[in-house]
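Right, I'll just put the structure down here and ask away after.
By letter and in written order, the chains are A, B, C, D and E; residue numbering begins at 1 in each of them.
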Amino acid sequence: MSLLEMQNCDVFYGKAQALHDVSINVEEGEIISLIGRNGAGKSTLLKAIMGLNPIAAGKRIYDGQDATKVATEKLGRSGIAYVPEDRRIFATLDVDENLRIATVMGRNGAWNLDRVYDLFPRLKERMNSRGDTLSGGEQQMLAVGRGLLTNPKLLLLDEPTEGLAPLVVEDLINAMALINAEGVAILLVEQNLKVPLKLAKRQYMIDNGHIRWSGKTEELLAEREKIEGLISL
Amino acid sequence: MSTIVIGLSMGMLLFLLAAGLTLIFGMLRVINFAHGSLYMLGAYLAFQVVNITGSFWAGLIAAPIIAAIVGALMERIALRPVYNRDHVYQLLLTFGFILVIDEAVRIIWGLEYKQMYPPELFSGAIEMFGSSVPSYRLFIIGFGAAVSAGLFFMLDRSRYGMIIRAASGDPEMVRTLGINVSLVRTGVFSFGAGLAALGGAVAGPLFPIELGMGFNIIIDSFIVVIIGGLGNIRGAVLAALLIGMTRALGYSYAPSWVDFLTFILLIGTLILRPEGLFSRKGRTA
Amino acid sequence: MNTAAENKSVLRCEDIEVSYGAFKAVTNVSYEFKPGLLYGLIGPNGAGKTTLMNALSGRAQLSNGRVFLNEQEITGQPPHARTWAGLGRSFQITQIFPEMTVFENLRLAAQAHRFRLQPFWRPVSKFKDIARDAERVLSEIGLEGFGHVSAGSLSHGDQRALEIGLALLSEPKVLLLDEPLAGVGHDVAEKAVELIRKVSEGRTVLLIEHNMDVVMEISDEIIVMLAGEILASGAAETIKRDPRVRTAYLGEEE
Amino acid sequence: MNAQRLMALVVAIIISVPLMFPDGQNVGLVNAILIWSIFAIGFDLVFGVAGMLSFGHAAFFGVGAYTLSLLTMRMGWDFIPALGAAGLVGGALALVFSYFAIRVSGLFFALLTLALSQLIYIMAGTKLRMLTGGVDGIAGVPRPDLFGIDFYNDSNYYFFLLTLFVLALLISGLIRISPLGQALKAIKSNEVRAEQIGFNVQRLQRSVFTISGIYAGVSGGLLASLIFYVGPQMLHWKTSGDVVIMVLLGGMGTLFGPILGVAIFEIMREWLSTQTSHWYGILGLIFIISTIAMPKGIAGMIIQLWNRIMPGSKP
Amino acid sequence: MNILKSSVLTVACAAVLAITGGNYAHSEEADTFKIGAVLPFSGPYGIIGKGMKQGAQLAIDLRGGKVLGKPIEVTWEDSETKPQPAVQKATRLISGGAQMIFGAASSASTAALQGITEQRKVPLLITISADDKLTRANGYRYSFRTSNTLGMEIRMAMEFTKAAGLKKIYGVGADYAVTRDGWEAYKAAAEEAGIEIVGIDYPPLGNRDYSVIIDKIAKTDADGVVLIVTGSDGVTFLKQAGQAGLGKNKTLFGPVLQDEVLAAAVGPDAVGAASGVRYHYSLDNPANKAFVEAYRAKYNEWPDSFAGEAYDGMSWFLDAVDSTGSWDREKWVEAFEGSVRENSVEGRKEMRACDHQAMQVGLWGVVEKGEAPYPDLKMKITNIFQPEALFPACEE
């Protein structure tokens, strides 16, 4: 049984259809990635999984239950964490508060403040700085740490490496591997293949609101040219 | 010297009147025109409770609680359906509530003026700096300071404050963390309504309790909230004290110019620093 | 193309810097745009491409630097004044008037260009020349027959075309196009590229686009941005070969 | 026949049917509706067309009323030039307001206009009392003296007001479909785009604010002459609130909506106040319910119903 | 284009409909005597409307509900304490055949009503509005005021100052024209009488915090404070003055500072405050005793000054109408002008022909503690000033 299954989902922005008949599934504890160029519908799909975009047609099955109509906060409480593309750090909260707020209604589990600070020592140094004073990399760590503190079963990461210096990217990749090793499933969204090829076992290619291709990473490597052509990467 | 004490008491009273308004705006981005009506409701409720129990303190506690329930109902029934519409609609709905609450008060308590007295403990006057300062004024200063400290603590230190601050910036993200933001909204509106009523209960012994009383204070509250920076509690305290002092000095030297001065201060703020005189730099509220 | 015109820049920015709080979105960017060329602006998300475009079109406040259009300084001028001076633009997120018809959208752009003071004493429908301009652009962007359709109900691709049409009506000498192909499907993309080619005739165009094939194909010159700065610029072939660009942008392994 | 014309018919009936009752009891009410409609039509140019929520229109309304009263009563002006001056002064004040207020937008705009108009209110109530009569106001404001018609008779005055109302309606209708009106709609719909295609947004907003100030000034002057009185209540922010409610209730951004709003507001309060002494609260409830249930006001509801009954015909 | 066409359509419809209607008329001779009462039942003066209605209704009941042999029909309308609705409703009432208009409460509304009643030649009975301008010499032919003027009350305050032997006075006036004029008149009279003016403050109308002014006054050696404020302003001042103990060594008084209603709002701090009184139920005369008894029988409460004044004015006016035996309103005006009412509830009143203002005695009282069946705080009438001292001659 999959941890999460999106079945034949249509999503609209106003009148414009952003996702067409999209189906994906995430197994417990695996890392998969969703690849597509800007505006292809990646973020839309993540938001739809998190309940932030209403699903016009199709189903969301989570933990074996139909969760199509379940509200965002309930999904959050039952183990889906969302790390958005623009990080969405709470600007007026300091780093420590940005983390603690996730523990208020989050699940109990292995992740606590100390472990997050261990994972990202840089955050500990800046624990009393306001969110809007952080650098891009710090913001990204904070966003991931905040997601982790709800003790998720599934972590949705929207372009976590975007705009980060190469060294920070390395750090993050290591952190993701570590997190995954603890049994947290990760759905990783990226524009390019760099990180996904390193981490994910399975890949979905999305373009113009349609899933164009899906398969194992090895298959992707084998037919890279052709598949990239499919989605005009 | 006594002018300073009086100015402080005026300022603290203004803060008590305005605190709920700025809190609600900070979280919900709703300008609650019915704030004055809730304040009036608070005064009447306090009067009623004092009448039944004979205790000022009982009124001071009960009035905000009842008004908070009224506020919660307002938010649930009327405001919730219109959050995703233009701000105008929320503002206008609260406008409608002025009429409804005023009418309810008229039906329940009639048109006659009601009165409340300071509690036994603070009923006299104290000689200070060559003036006799009513001790209830000193109570207001202390109480206002306590309420503002409490609000600071709640907003800056407690987990509720943390949630409120986060949710006022990015409610959607807060929801993904499992927090029920619509409940937070109801809570904040209800709390703000309670604060308005608390202001009314505290003001009861100073003013006649009458139907028009809410109408008068709403503009005062706007002035405090705007000068302090919309949604900024710290700013509201400072603005209230600034205006209290301005008024106290104004009444000493040029009473007929007092309203004028306050408005010039207000308009100057709106034009030169619309984010408020006391907003911290870089704050994106 | 004669050399005299080539030497004279139509749009020029000097040392411009845009910051949001402590964050510098664009730093130290200087560039000269020559008449009649199509410039492709590329770079990863967050590199400052759109911010640069905002700085040129007057939507972003400069914290430093100057901007010249036809050798006239336009630094600090509001967007509408720059539009009058001949600088048109489209937006990455479609900016149209969704509840109005396509024709009305275009007519608005036409009247904005035609009048400095908007008349209020005659119905707009009586101004025939405005309607004519709008009709002309309507066919230019390939939306004949869609004039009466409300703009919000157009397909995404057609909305992108309308977006360009709105910019065209100010008869710009310089056109800034922010991802005109964003979210446009394969089938429509070709048509859109054709449109871009068409509108770039006789104009200077600055084009932000993620689709490398398209950019490389149609641009006369490519500008690559990274972390708020111009990393490299030059002809498509040079850029393709530039190792820095490949690492930073294409995500290739070194 | 379409929804727009249906509304036109309804408006026509509202403003003329009471006259068919021989005792003329309701002429006063209809006159008030006509005057408030002029105010509301002008206000909607700002609120409904240009999308700016002003909470300061009471200032232009009241200042117009004072201008007309002072010019006719103290300076001996004729009514018509004084009415013109009322409009000009209302417009001039609006222009001044706009220079301050248009720098900010949204709620701040609403609050700044509110504060500015309260300043005028305080000035009229106290500081300028030599001119304005302070809180007591000025009684005995005259009506026009034209063609030997006795305009002190409400039924005759009705025709005078009707003429101005129609004029105001036509001008507003023209502005809405003129390039200016279209540009304002564009700004409301998408300010970023409007600016980018070359509209000078602030200048356009200032001009419509001024036009609407002229409407308010004229209607204020007319109201003073209708009730033979001007007082600072006309400047109070409650008056601004009333006109916002009326326009929203009727349907903002439509030509006839504001008039329907005014008519229903006035008729309801006239009728309810004879039915129950709790009419104010009932009005509040009706207002709350209609705000929630009819976001586009009565006009919006009519258009919707019309489209349902007559599918295919465009509103 | 639709919009313009629709507008034209509206105009056409309106014109057609208007021309088919239009004429209105009403008969001079009526089956009922219609009174249009425009009183505040909501808004700041809502409480006044209630008393006025009860008083006027009693006046009508006590004459068997008839005048000129025809039943009286009163239509009560709510002026909302605002001029516009007042005028709107009066217009409708007059068009509906009202023979007289009764109201309003606030001087502003009453002034606005005068515009329409003068124009339509309908008598207007004023029983509470106090602005002197409402009855000015050769001013309004159809307006009559049977109650006090503010000018008269200011003079009462002066008379009281002298009678109480006060030597140094501090003034506080709400900041508007009438009070400023009143203060100037008071000050001139005081200086003439050798009374020292220590200071004057004009806080804005509707002011909410008097503590600084109270503190200022406390630091002076004034022995009396004249408060030219009324309604909630007066209540607020007295409450806050009480908390600061201002009344302990200074006499607080004012022309319209207190009555039973306002005293109840102030509470015990009101005791000792002195004020002009428009009417009081304790007045010892047969007419008043009969009225108070009837009033208490009907409403089970003491008549307030609004009720008393309304009762008195309405009875007087209807008597004047009856005395003409005619339906000609000009005759009523002539009959009312110069009429004398020896047995009013406040004693003798005389309607001056020159300005239609009733000459009458001025009542002055002080707030004291009351016992059942009286309210907790009641006015005690301490002085009755004669009209000669209160009303200047008409040709001013």
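Note that a contact is a pair of C-beta atoms (placed from the backbone, for glycine too) under 8 Å apart; a residue touches a chain by one contact, two chains touch by 3 or more.
Since this is a predicted model, take the numbers as computed values, not measurements.
Touch-path distance (fewest steps) from chain A to chain D is 2.
Relative to chain C, the chain whose mean Cα position lies farthest away is E.
Comparing the centres of all chains, each the average of its CA atoms, the largest separation from chain D belongs to A. Just count the C-beta contacts per chain pair and the biggest one is D-E. Look at where the CA atoms of chain C average out and do the same for chain D: the two points lie 42 Å apart. Each chain gets one centre point, the mean of its Cα atoms, and the points for chain B and chain E are 36 Å apart. Between chain B and chain C the centroid-to-centroid distance comes to 49 Å (mean Cα coordinates, whole Å).
With touch defined as above, residues shared between interfaces to two or more other chains in chain A number as follows: 132. Within chain E, the positions touching two or more other chains are listed as 1, 4, 42, 175, 204.
Multi-chain contact residues of chain B (touching two or more other chains): 106, 256, 259, 282. Only residues 42-44, 46-47, 50, 175, 201-204, 206-213, 215-216, 218-219, 232, 235-236, 239-240, 243-245, 261-262, 264-268 of chain E touch chain B when the two sit together in their complex. Taken together, the chain B residues at the contact with chain A in this complex read 159, 162-163, 165-166, 169-170, 172-181, 282-285. Here chain D touches chain E in the complex through residues 2, 4-5, 7-9, 11-13, 15-29, 32, 122, 125-126, 129, 133-137, 139-141, 152, 154-155, 158-159, 162, 166, 169-170, 173-174, 176-177, 223, 226-229, 231, 233, 255-256, 269-270, 273-274, 277, 279-280, going by the rule given at the top.
Residues of chain D touching chain B in their complex: 53, 100, 103-104, 106-108, 110-112, 114-116, 118-119, 122-123, 126-127, 237, 241, 244-245, 248, 278, 280-285, 287-288, 291-292, 295. Contact residues on chain C toward chain D in their complex (touch as defined above): 57, 59, 78-81, 83-84, 88-89, 91, 95-100, 104, 107-109, 111-113, 115-116, 118-125, 127, 130, 166-167, 169-170.
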